[in-house]
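Per-chain numbering from 1; labels A, B, C and D assigned in written order.
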Amino acid sequence: MPVTVKTFTSSGEAAAALSSDRSARYLGGGTLVMRALNEGDVSISTIVRANDHAMMRIDATGSRVTLGAGVTFARILAERDLAFLHPPARSIGGPAVRNMGTVGGNLFASNPYGDFTVAMLALDATVSVQGGLGSREVPIEEFLQSRERQTGTLVLAISFTKPASADAFRYCKIARIKPKGGAVITLAAYLPMNGSRIVGARVALGSMAPIPIRARAAERALEGRSLDASTISAAATAAVEGTSPGDNALASAWYRREIVGVHLRRLLSGQE
Amino acid sequence: MAKTALQFRHNGRDVAIFVDGGTNLLVALRELIGDMTPKFGCGQGGCGTCSVLIDGELHLSCLTLAETVAGRSVETLDGIKDGPNLHPLQRAFADNFAAQCGYCTPGMLMAAKALLDRNSQPSRAEVVEAISGNICRCTGYEPIINAVLAAASVSRARA
Amino acid sequence: MLELRKDIFADERDDNLKEIGKGTQRQDMLGHVTGTSPYFDDHKLQGMLHLKVVRSAHSHARLRRVDTSEAERSQGVRRVIRGSDVPRNLNTLLSLINFGKDDEPSLAVDKVRYKGEPIVAIVAESPREAYEAIAKVKIDYEPLPAVFDVEEALKPGAPVVNEVYPKNTFTYYETYDHQKLRFGDADRALASADHVLEQRYEMSPIEHAPTETNGSIAAPDTNGRYIVYTSTQALFFSVDTCAKILDVPSNTFHFIGGTVGGGFGGKVDTLTEPLCILGAMLTGRPVRYVFGREEEMQYGPPRGAERIYIKDGVTRDGRIVARKIRAYFDSGAYTRLSSYAAVKCAAHLPGPYTIPNVYGDVYCVFTNRTPATAMRGFGVTAMDFAIECQMDKLAHLVGMDPMEFRILNAYRDGDMKAHRREAKNTALIECVQVAAEKAKWPIREEFKRMSSRKDGGGARAAVTPTPRETHAPLAAPPQQRTTYDRPPVATREPPPPPPPPVSPPPSRPTAPSHGATRFSSVFGTRRR
Amino acid sequence: MTRHRGRGIASVNYPIGMNLGGDPSQALVHSNPSGKFTVALSSIDLGQGMKSVTRQICAETLGVPVEDVYVDTADSDTGPHCMGSFASRGTHRVGNAVMAAAREARGVMMEAAAEELEVNAADLETDGRGNIHVKGAPHRSISTKDVAIAAQFKQGKTISGRGIFLVPLSDVDPETGEMSPATCYAHACLVAEVEVDDETGEVAMVRMDSAYELGRALNPRLVEQQLVGGAWMGVSHALYETPEPYYPDPVHGPRDFVEYLMPGPGDICPHDIAVLERPAPDGPFGAKGPGEMCANPVLPAVANAIFNAVGVRIDDLPITPEKVLRAIKAQGGARPQARR
């Protein structure tokens, strides 16, 4: 069956087309869907597109940031208000991929891809999706846990509360190849401070499980404490707890477990 | 098979072609327009040999659905010469012996052009970043980095 | 940065040349920077079809049934090619130089021996239609036990990978399961050495990863010929391999290549041309067969893995007196070129050093993985890694500077090499000296004065008596140490000079006979 | 976090050619009526510079400027037989074949010039700029173009030449391995400096210094290309590359350029190279072949540098951070060796 391309002006129509056809995939930046077609994935026979301007919008003026699903990493890098997201955006691909790849598509990128989503997880973002039954807001953690079943849903946008200070959000991607490489692991931390205490710590890890996960034990080690050497050390030790990394071409599960604490320590102590 | 009509600017010239559903821009350029300068290296977005500029932005033509360039401007290595004269980047690549097998060269040149078009005086780190999506298996990158820096200094001297 | 050291060996060169020695621009540079260099895939032919292959899902399995009926009816399919369509569906690359037995089908028939082995080829109007047809091919596999470790493969009872070589090793000289190198009496020398160090080294496979993947385009040409645009690294190897497999005279083909997007050894195997031409023959249309990147990485042949054991004997003052090596080339499921690499590897022993006793056994082993092939440094890269890591350990063991240790043991003009040829035109010592200078690595005066052109030959040219049969190795005397991590106190006295020349010089080995029976020197001669 | 620096060396030689199969290559050289020469080969240029280096060899041998020579290659109808581009044989084998063909063509060219100048061919020489003149009397000169026209239209001569270079196959003694595997050997020594992170096992290249002996650098820029690119590949082999990361267990094979690891432009280090030239007696102008051997010394030099930095020996390639980290942990921490 040849491939059919369906282009809609509204996201609603696109979502309907997507949910009614098991062989349909939504085309964002092309880095996932076009690759699959190039490699002979015949399970895709319909490409759905939407020229909906809402999906291209960046709203970063208030305390809540909303990124349309079609926003590319290059656009994030061009946005001064989103400086805290420049490190994760810059860690994706090379310049061409950043001009193409989108925030929405990254939610579907499996290991060793999908680094931006780790940052979104640390920010406890909300994913706006439109399915056959209308639109809804899904917490990112929940979205990721059911990601495999989400091919029929259309992501419209992702939103999150802007970190109170530049220092409160930290990100690093550990890659073998520089400057562009696949992740061995990816770390993102959100450390809001109340006075000298961390309140509401969130630590997210990529490549430490089949999907990006929160490092809850490390978060507990940080919660309510000041970010000193002993806190950092306790969080680093706890980083591996609850993770279930796998082996892949870039590193083994053993290696990931060994280094996740080292890199969390470095991230929290400003060495990375 | 149903085909879709597609018009866009190719190296400053209007072109019109009919594409099959799902055709990527690399195939459209090579097989339908006959511009062989972008190369197939992986079809996965990993090597950059198919790099082109779309409205001045660096894109991977193998991951671009052809019909998404309707009405837009696509620039390939075939279009960067100034008439019979080489682009300063082409001259710098030659002078620095920055090609061996030559297969990555078209993509490298487009990545470098995307950089210099926006930043005429890049640092070495910026050059490294600009070509980081492009794989070269022959040169070890050093001559390519030097060539881009040399091209930038030529344009600086001219300015 | 590159510096030409014209001062060294200046007396051996005439530098009064006009074109040679100049940094002239490459003839192909203008083509490269304008994107006009013609690679095989840059040829656009009218009505071109696309060939894709169905690859084995198993590393080792019997093919119970291959059902292509639905694929044949699939939209856009112009031809489904099976093993029975290939005129001579068994080949080995080096049969062209009469080396080895035909052991590899173009399309698997009764059995698959590695994951990714081609079973069926689909020729269709578009790549998409070819992929759709591939999904409709039904294959009933009976999985067989597989073997992936070279030493496991040699054990009795190991699964037989390739029935042409039932012991899972290439057969040398119709006698041995390995290539031998025997020079002097390594066991005796090891027994008398001050230190013996035995170590194991391994190199996993390596992918060539050229930016241009393997591929070809074949098309019917005028007068019954076929024109073939190809990425081959060896044009006539490919021409003659295709002529053999397709059972037609070689001048049926007009091969055009010559501008290749990187090869590094990965484009010697004539991977795509035979099926591509066959597709053109069976459809009467141009056919294009290009590897995708995953195919190139996983099913295109890699530099084969090697496992190497080295056992060295060294004297307290830093002279290596014996080197014993056992090496295994992981050829994967078929021979390709690994059989040749093993011979080249044996000849490379013991590295660029003069060691009076050398013993080597090099095996070419079959396992259930992607067949290996040549790559930059073929037969040598892994061995150099092993030898040079070993050299570092030995230097550490005897407490010598690693540069000086190499200079001391380096071969020199007139020395006898282990493959029984005189060393000539050597320059290892000078390379070490210059590298030391460049790296500001201090070496002592007497080592700076040593020369590849001095103090070689003489006793160093002798072929040490070599026992006909191996004897049980003598037990190592108790003073020997076999670890390198706790070196003895370094002896910083300079080692004694090399042994003085003795007269009369030893008799030279006789020149090799040409046109030997095992290799045909007539390239391209085909036996039917 | 502790990062340790270390240096390691390796020295190697490399055999040129594949004598074990019989190793011929052929070349044809001919002139058009304007005195421009074409070299016809079936050899392949995969980036190593085959077209360029044979062009220089041909020009030097003919005694004409390099611009007057064009190398056409890899057409099985027009190019005579060549084994192929592998085994570091191109420069040496094909170069010799081109030299032989160019010598024959030069012989005809000089005869034709002699006829025009009414002198003995032995008294003529080329100036390398497209002229042939009487030795010691540069004014008695004729251009190669005029010679070509005269040969073609007046004298009925073909200014052309055929060349073959054959290294006959070497027999191998099954019992001792006695053989002649190669005709000449190139040499190298390389010093690598690395930095090792003892908490993660990551290895970064700091610099390389090397000396390569290549017979003769026929074109130093092309040699530099091979040595710089080859050393990069050596680093890549040493630290990164494998299509089977869990060899011999055939799992998790990389499928793309993100999973197949090769150093990026941000991973490279300065490399200072010296080239030595000890001409090979049988090489074209003494040349050997730098193409293959340039990567080889890097692998062990890097391994030895890692030992020098943290005291662990990694004997399995590639030397991944995991292997380094496991070894460091096994010995209870980094043990830097004497700095050198």
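We adopt the following convention: a residue touches a chain if its C-beta (ideal position, glycine included) is under 8 Å from a C-beta of that chain, and two chains touch if they have at least 3 such contacts.
The structure presented is a predicted model; accordingly, all values stated were derived computationally and were not measured.
Q: What chains do chain C and chain D have as common neighbours?
A: A, B
Q: Whole-Å distance, chain B centre to chain C centre, using C-alpha means?
A: 35
Q: Could you state the distance in Å from the CA-based centre of chain B to that of chain D?
A: Centre-to-centre distance between chain B and chain D: 30 Å.
Q: Averaging over Cα atoms per chain, report the distance between chain A and chain D in Å.
A: Centres of chain A and chain D (C-alpha means) sit 46 Å apart.
Q: Give me the residue numbers in chain B that touch at least two other chains, ranges are fine.
A: Answer for chain B, listing residues that touch two or more other chains: 20, 22, 42-44, 46-47, 97, 99-103, 128-129, 131-132, 135, 137-138.
Q: Can you list every residue of chain A that touches 2 or more other chains, as numbers and ranges?
A: Correct list: 2-3, 37-39, 179-180.
Q: What are the residues of chain D that contact at least two other chains?
A: 46-47, 49, 221-222, 224, 228, 230, 233, 245, 253-258, 260, 262, 264-266, 271
Q: Chain contact topology under the given definition, line, ring, star, complete or other?
A: Drawn as a graph, the chains make a fully connected set, so complete.
Q: For chain B, which residues are in contact with chain D within the complex?
A: So the residues of chain B in touch with chain D come to 42, 44, 46-47, 97, 99-103, 127-129, 131-132, 135, 137-145.
Q: Mind listing the chain D positions that touch chain A in their complex?
A: Touching chain A: residues 1, 199-201, 240, 245-246, 251-255, 258-267, 320-322, 325 of chain D.
Q: For chain B, which residues are in contact with chain A within the complex?
A: 1-2, 4, 20-22, 24, 43-45, 48, 51, 57-60, 62-65, 67-68, 111, 114-115, 128-134
Q: Write out the stretch or stretches of chain B touching chain C in their complex.
A: Those in contact with chain C are residues 20, 22, 30-31, 34, 36-44, 46-47, 49, 76-78, 81, 86, 90-91, 93-94, 97, 99-106, 109, 135-138.
Q: Applying the document's contact rule, which stretches of chain C touch chain B when the two form their complex?
A: Per the touch definition, chain C meets chain B at residues 25-26, 28-37, 39, 41-42, 44, 126, 128, 208-213, 259-264, 290, 292-294.
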